[in-house]
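First up is the structure itself, then whatever we jot down about it.
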Amino acid sequence: MNVNILASIWNYATEFLAVNAKPLLQIYVLPGLIFILGFAIIAVWFERKFLARAMLRVGPYYCGKRSGVLQVFADFLKLFMKEIIVPKDMNFLFFAAMPVLVSTVPALALILIPFDANWVLWDIGSLGLPMFFAIAGIAPLIPIFAGWASNNKYGFIGAFRVAYMYISAEIPLVICGAAVAIMAGSFDLVEIVQAQRNMWFAVPQFIGFVIFFLGVIIESERTPFDIPVAEVELVLGWRTEYSGILFGFTMMAEYVMFQAWTLLFITLYLGGFNGPVLGFLGVTGSHIFWMLAKFAFMVVLIVLIRTVYPRLRLDQMLDLGWKYLTPLALLNLALVLGMKMLGVY
Amino acid sequence: MSEPTITPDLMRISWGPQHPMSGQTRILLDVDGEKVHKIIADLGFTHRGIEKILENRSFLQGIVPIERMVMIDTANIGLGYVMAIEESLGIEVPERAHWIRSLVCELSRISSHLYAFGLQAESTGYFPAVFLWTTTDRTVLLDLMEELTGARFSYNFFLPGGVMKDLTEGFEDRVIEGVQYLRKRFEDYWTAMIENIVFEARCNDVAVLKPEDAIRLGATGPVLRGSGISIDVRKDEPYAAYGDLDFEVITESACDSMARTKVRYREIGQSLNMMEQVANEIPGGPIRTRFPLFTRSKPGEVYSRVETGRGEMGIHMFTAVGMNPYRVKINSPTLRNMYVFERLCELDEMLMADVPVVINSIDPWYLDSDR
Amino acid sequence: MAEESCELKRSLDWVPGSGAVYSVVDYVAGWARKYSIWPIHLVTGCCGPEFMQTSGVQYDMERLGILPFASVRQCDCIMVVGVVSRKMALRVKYLYEQMGEPKYVVSVGACPTGRGPFYDSYAAVPVDEYVPVDVYIPGCPPRPEAIIQGMMILQEKIKNTKRIGVKSE
Amino acid sequence: MSEAELVEAITTSHAEQIESAEVLRSQRVSVVVKREVFLEVAEALRDEYGFKTPSAAGGLDYPKEERMQMIYYLFNPDSKITLTLRVDLPRDDPTLPTLTGVWEAMSFHEREAHEMFGIEFEGHPNMIPLLMPPDWRGGYPLRKDFKGEAGEE
């Protein structure tokens, strides 16, 4: 009797795993939990070490056998066990929900990214690209609420800087996305990638490539566009009042946002998962490998930019967004349409 | 604090005394969106009453607290006090001591300017590279100072009548080595910072201070010279060995934050030249005349001026019959420049993001304005 | 906060194995806090340049996980660097009250410890009249080595903390 | 204009208004002015003699002689002369018209002199404490009869 029950449970479990192994892996490992958390951890560690190198220092060293790898875990645990201070006259739920949302909403956009033609967590066909912009477009609203909720002048100003910045950056991004979709003839991210099998879109759409690259940095609030959290002016911008683990979430949000937009950038311009098939990995494996390799390259590039450039002022950034990026994006769109009509591409 | 009232349409933001850029002061900004309408500096967070302390100490004891006024630039300010004592008590200083004093003052000035330079980089959000590069390069200077005086910052090296110790064996060679190393590094600074497009965008045409305004508001030091006015105490009334040293007063005509930064950059070059000159041409001889430990002064007054890293520092010493100064009035450069800073937002349009850039182009050291 | 967690611990003492769990959690908490001290930029006086040198190249405090930070809410530690005047002392107190538990104070230099060379000043005060100080670092100004040793003493002190949420006595 | 010529010019043209004028040493000139006509001399110094840069200002206390002195440091950017403009004040009535109308930048220094010496400046636009804590009740620190350890209330 007992044996029968156990056996049936075992059978059920093996069947369940056999059927659901891929979705489970996708949810928990690759575009999902472990990838996001692991990237945040590795990126923080890498950034601290890399910046320290640029400053001729060593960086985190003693924590974790003279490499500093455990530094991020120590910081995370410390923040986790720290007191959370809630500003007076503030709804705690609203205040605390924002950091959680700000790090999870961009993560939702990640599920649309194809790591292989068969490795997409949420394959919605021709709605892929619009859905990405829809989800990622919600994300900037959350810092605005967070800044308002913290009842702090720095937070308030930081929140409005977020609003200014995202609007000026997101319009050129959407126009560039439209240009890519026109060139590929589809809104489906998988088809966009497959359309780049012969030539990456970075080459015919060089203008769009540059605009989108700047847009990625703006969207992920990194130097030289980390204006909403400018340390020397606004202390920490909209993050100022968040203490303890809530602050940890807001820090993570930066990396999740960064991850989502960089992956989209690779998908749209750098050929996505295309790449020579490596024999020992198989087709799917090598596609995933190429995706991650391109991602790693982009991370290094963007961290490098942080060491080289100071921060722009808000009005200069808005100038850049409205006076240069938007018209150039439209020009890019026109060029793509021209190429399409002439049948060059 | 009985804070000045604000217009209802504006928002008042308080920066400091704990703020990454405000230093040890509190800056009240009345902003409308990003635009700054009024700046109020609330000083006094490091007020220690040094002028009162000096009245209660003997002439020699006074050197210790007065050097704590500008920790990063101790040699220059200590020299001002020592010169005041010498003049009021009528003490002669040997030639070699003058040259050593100039050398130490220039070391100290470079260290101060480097610090300001790094902070200027940090104020534009350029924390990583340049700020810590300057701290690296300051270690070269600090090592030299440590070898000569035995301390890294507060060395109490100047005594009335000369200096504490003679140059160590081979010190001149190490000075020249350090100068050559720093010259090489300064080329990097030019590329990494001054020619950086984002840094240029942040500093050019920010907070223009016209020459007539600079004079009217009493600006001093690099702020004044950044407005194109050639005033330098080292040239105007040479003290120590500056009469014999060959240098020029740096001015920039652009009058903006970048001009003030460039003045500091080029002044470091002049200081390096002077250090080389001192190392090559220093005369021999004794390094100090005897200064009696217990001195009785006669009634009188002396006003001595020195050029510190931040501008003209005046020390007005009144003596009565006794062992202590009757009163020491310290005219600090930062207090003068802070008034200019308060007025700058009215002279030129300023955004909130410009304020850290402007305040670091002024290079305040609140310990000397607060005394 | 401190008393609450003590009571919580006492009320759960009858659960078998709770001691072991507590000791593991204590160990992990101690380890994490030890290697993740975020002091706030609070340069109150003239030891500031040495503090900069300490986070600078030759000495590099970040090796120990000490990362000077801008905003007080997220910090664990106030390093009072330099002389504290009456006007500033109130601000140090405000900052201390704004920080979340657990929090520590390090007094760097002779001035915050006992007014140092300004012993007869009417405006300078020792900082421990306003906030509890964990580690005193002597010197005027202390060398970077001394500051780092002070921070290491603070790390030892944090590691030996016995209960979560409670500062070591 | 050299120092001696400057003193000569001031003593002849403002003989009624000044009490004394002397050359202390090279590039140092001291002028003591009567309190009532202090502003006129200041304006003349700025407009006619070129002392355009205000350097600093500070007080001085002589309890034995029952007087205080307010000293303004002025600088001439052309001839590089530092002039100290002094006004004697009785110790029981240390009031003075403000100089901020002539040199705007004297504002900070007058605020400082006010809290350190208790000198009142009539017409100063913004007389709030500069360096001392706003709740300081310990008296005027730089006066000679200040006892040092008097705390705040």
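Read from first to last, the chains carry the letters A, B, C and D; within each, the first residue is number 1.
Please note the rule applied: contacts are C-beta pairs under 8 Å (C-beta built on N, C-alpha and C of every residue); 3 or more make two chains touch, one makes a residue touch a chain.
Since the structure is predicted, the reported quantities are computational estimates derived from the model, not experimental observations.
Colleague: Looking only at C-beta pairs in contact, point me to the busier pair out of C-D and A-C.
Modeller: Most contacts of the two pairs: A-C.
Colleague: When the C-alpha atoms of chain C and chain D are each averaged to a single point, how far apart are the two points in Å?
Modeller: 46
Colleague: Distance between chain A and chain D based on Cα centroids, please, to the nearest Å.
Modeller: Whole-Å distance between the two chain centres: 63.
Colleague: Using the average of all C-alpha atoms in each chain as its centre, how far is it in Å between chain A and chain C?
Modeller: 35
Colleague: Just give me the whole-number Å value for how far the CA centre of chain B lies from that of chain D.
Modeller: About 25 Å, centre to centre.
Colleague: Which chain C residues reach two or more other chains?
Modeller: 56-57, 70, 85, 87, 120, 122-123
Colleague: Give the residues of chain B touching no fewer than two other chains, as numbers and ranges.
Modeller: Where chain B meets two or more other chains at a single residue, that happens at 19-20, 44, 47, 49, 52, 132, 136, 370.
Colleague: Mind pulling the residue numbers of chain A that touch at least two other chains?
Modeller: Only 55-57, 231, 235 qualify.
Colleague: Drawing the touching chains as a network, do you get a line, a ring, a star, a complete graph or other?
Modeller: Contact map by chain: other.
Colleague: Name the touching chain pairs, would you?
Modeller: Applying the touch rule to all chain pairs gives A-B, A-C, B-C, B-D, C-D.
Colleague: Quick check on the complex: what are the chain C residues that touch chain A?
Modeller: 1, 28-29, 31-36, 56-57, 60, 62-65, 70-71, 73-74, 76, 98, 100-102, 164-165
Colleague: List the residues on chain B that touch chain C in their complex, please.
Modeller: 17-20, 23-24, 44-50, 52-53, 56, 64-65, 68-69, 71-72, 115, 132, 135-136, 138-139, 142, 152-154, 367, 370
Colleague: Quick one: which bits of chain A touch chain B in the complex? Just the residue numbers, please.
Modeller: Residue positions touching the partner: 51, 54-57, 153-154, 157, 223-224, 226-227, 230-233, 235, 306-316.
Colleague: Touching residues of chain C toward chain D in the complex: what are they?
Modeller: Spelled out, the residues of chain C in touch with chain D are 85-87, 90, 120, 122-123.
Colleague: For the complex, which residues does chain D have touching chain B?
Modeller: 24, 26-28, 52-56, 58, 60-61, 71, 73, 77, 80, 82, 84, 103-105, 107-109, 112, 116, 126, 128-134, 141-142, 146, 148
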